[in-house]
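The structure under discussion appears below in the form of structure tokens.
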């Protein structure tokens, strides 16, 4: 019985709005920061950095959960282009604020939150179902997939 | 909530026209994303305003597909197309996609060149300085200590913060384009004193004395501290611009270093105590002979064949001093038939190289002095390139990965030897 | 007695050839004159190596009268003529005598131009960077904090010491030429910490906010402190390169300021206490509204007729930002038939001005963008000039005296208005 | 008697050698620093700076007694040219050391001293006879002219 309830009761994390709006979908989680220019192929939304744990994986249509941005100042430009190409994530959840990731979220125009009261990188696994509420600054997690 | 001054509110309300209102709107969204509480004024902005690939122009075809459309829709992230006036801030254009004359040699098509020439004409027509370099500080845009800037280009950002004591975050294309119109950027991060203190220490125990060694130390440092601020101390030799330039570019690429302190060397580090802002190093990393050897190995991990068919120098863009040195090293020799030597710099520095006879010496030896871009940015290497030799840790970090080739890291002299012999004979001197 | 390292003794003994031995000999005589105890190494030298007037060439006719003769006999003060090799230090040539293209317009003869072209070819052939500017820091030679330099040109020296935290005395032609070969300069004066502390205080009580105001404050400061080091504090607005450039040039010409501190602004003045090295101000000068008005009067003391027939901008050589501003101010207008507008910059900055379309805008308006020199250095003004308008306190200090003309000091906008109307309408805004 | 002795007994000041050699001649004294470039006409050795107390006066063949150098970094070049033109002073006595004046003395190759144990600007008047001994670092002054 209790196991069933655990699966149904979602985890709710509260943090700070980065970009407004609400979206939900399947999580794609990485413990590694992501490079924009030279790290992502915007046309497909695929991570291309050699040795990255997401190498070859596309974030298109996913809720991207990651520590934050690294690399060139072309970060926002690459993710902006991904939006135009239709390969942007549905929403973004991250832990370390930088100018790169802030501007990238803004021009991608997807619901984004940070500064959560629990570690999203530990609490969310790839495949979990996640709702990101940028207006409220919350993340709701259904472990194991769509509830 | 970011608070606005009367002037900022007026910009948002359209008193300076629609484009500035859109720019202010974007910057407010950006400031709120960051959690910034206000803006700082800036009159020194470096970005890539309105320059775009044919793909982006095609995407905005319904909006006209022209500079106005791209600047409105992409740079300002506006839903409508607005008239784009002359920029208000002192604004310059960083590196671009091809050499304005040698583009054919770089493998560019007529169509690509036409796109480039159109954008450049528009950049100029909007009052933006066509510097076309990742080293604006070598081309006439030298910030001063304490000056608030809004710069893109990680190697330029780390130079501005660390070596000059200027203040800039690593901005993006949209924020710099918006700042060119509004002269505003969020008051966050490196604009604020308490963000600029060191967090980790790096103790340098082997002498570090030329761009080759400074580049390796930078690569080690970025790897160690990632994107935090390191405070370096120890056996660091006399500083110079080109040493800092290679160090910072390397640290920004292996980690994400946007500012560093060197005790007794950089302007905000007269002492370790001041560099740490009174705090303590969270972690101490040691750069000793073993760390140096490991760094060398890592930088040369993608080198296998010693038949070098391409040597690229000028990452970050070469200074006139480095061009002089390269000319000196190659004078009387010539580039091997099985190799090529391309050297990248800015147009401003090339003007001095031309006047000083260095361009002629290089060309006589079969090398090419190119401007505006680099092999990584333009993905341009001579046809058939398989193995490159580089004197830049940043370039060896990026170019082989981007182009799927092998790469060697060495001294400038080793690279020029490789260009002249077609063979890599670099090694780590004790 | 100056003590020599093994390497320095070897140079003196001729191990690097006769020219370097002569250079070392001269530097030893110079060090002993100063009372210096040792040399510092330098790899950043800015001078005017070997460039000479026809009179000097004629004087050394018996020795050949060529570059070799002048460099040996005059630059190295040698009694014999020796072979002059490529320079060893990173060396650049400061401003010269005429524009390489517009020299006819500057009133130069074919013979003078031939002399200029010969010298420039020799400078290049000796591995010296042909920068031809009083602002090497805007043309790709940017020292870093703590770097030992050997620079001539008082406006560049004060910039290097104060704004960058580089270390140079105000060197002369012979000492810089010798340093280019030896990479040595006496360890005296600004190379040493205790020489760099402030001596007098200047309290700024009126807001100082653009190059016009910074120039006036500089002129006041030099007049007050003469050749000592001032520490300025108070209502000084946001710093930028061009503000510092105009301040320093003015202070160097009205007094002989070779270094200044601005509290919280320049790199060696995080606090007044540190700027004074723990000491106290010997004297405190106050820059208030009355002092500002007096300074304005002094700068305009040689202006009488309001019919301006010449406007000269670019002292120190204009930055690309200033050229952009001038182009913006004059676009759509034109220089009056009764006046002329010459703007001076370096070749490097002009390359960016060309690419950015500013040169074309200026030329369309009837202005000329010139390089290498200025009216004071080359004693070149348009024929018949009687009254000049200038936006540089340094230039208004020198040009009217040198040319026997009247001069007005004002803002850049007032100067450009004067060029377009032929009338001086400048006034001191409250 | 004593007046005669006073006139005969020279004043001797001791200081530091700047440039070696010995020369003597008539003093030309100014309380004002001297500019090289823009301040001196090398071909005649004449001070040309407007408002300078020596304006129009030539130092050629005199013992120049002055506080020191000011102005442009062209100082040494101008005084060096004066040497070639034969208009250099015979010797130099000054009070404030700078790189400009040091280098100027060196390339002029005239006996020069500084750091004296008495103020030469107070003790020497134009027209006094002065011997500058650069080797010994001394200045000998005969008030009123050649002894």
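As written, the chains take the letters A, B, C and D, and residue 1 is the first residue of each chain.
Convention: a residue touches a chain if its C-beta (ideal position, glycine included) is under 8 Å from a C-beta of that chain, and two chains touch if they have at least 3 such contacts.
Nothing here was measured: the structure is a model prediction, and the numbers come from that model.
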Name the chain whose C-alpha centroid is most distant from the C-alpha centroid of subunit C. A
Would you kindly tell me how far, in whole Å, the mean C-alpha position of subunit D lies from that of subunit A? 79
Just curious, how far off is subunit D from subunit B if you go by their C-alpha centres, in Å? 54
Distance between subunit C and subunit D based on Cα centroids, please, to the nearest Å. 28
Using the touch definition from the top, which residues of subunit C touch two or more other chains? none
If I count partner chains per residue in subunit D, which residues reach a count of at least 2? none
Line, ring, star, complete or other: which describes how these chains touch one another? line
How do the chains pair up in terms of touching? List each pair. A-B, B-C, C-D
Within their complex, subunit C touches subunit D through residues 26, 29-30, 32-35, 48, 56, 59, 74, 77, 152-154, 157, 169-175, 188-189, 226-227, 253, 255-256, 376, 398, 401-402
What residues of subunit B sit close enough to touch subunit C in their complex? 41, 43-44, 86, 90, 92, 120, 123-125, 127-132, 137-148, 163, 165, 238-241, 244, 264-267, 270, 319-321, 324, 328, 347-352, 355-357
Within their complex, state which residues of subunit D touch subunit C. 16-19, 33, 38, 49-50, 70-77, 80-81, 84, 97-100, 102-107, 109, 112
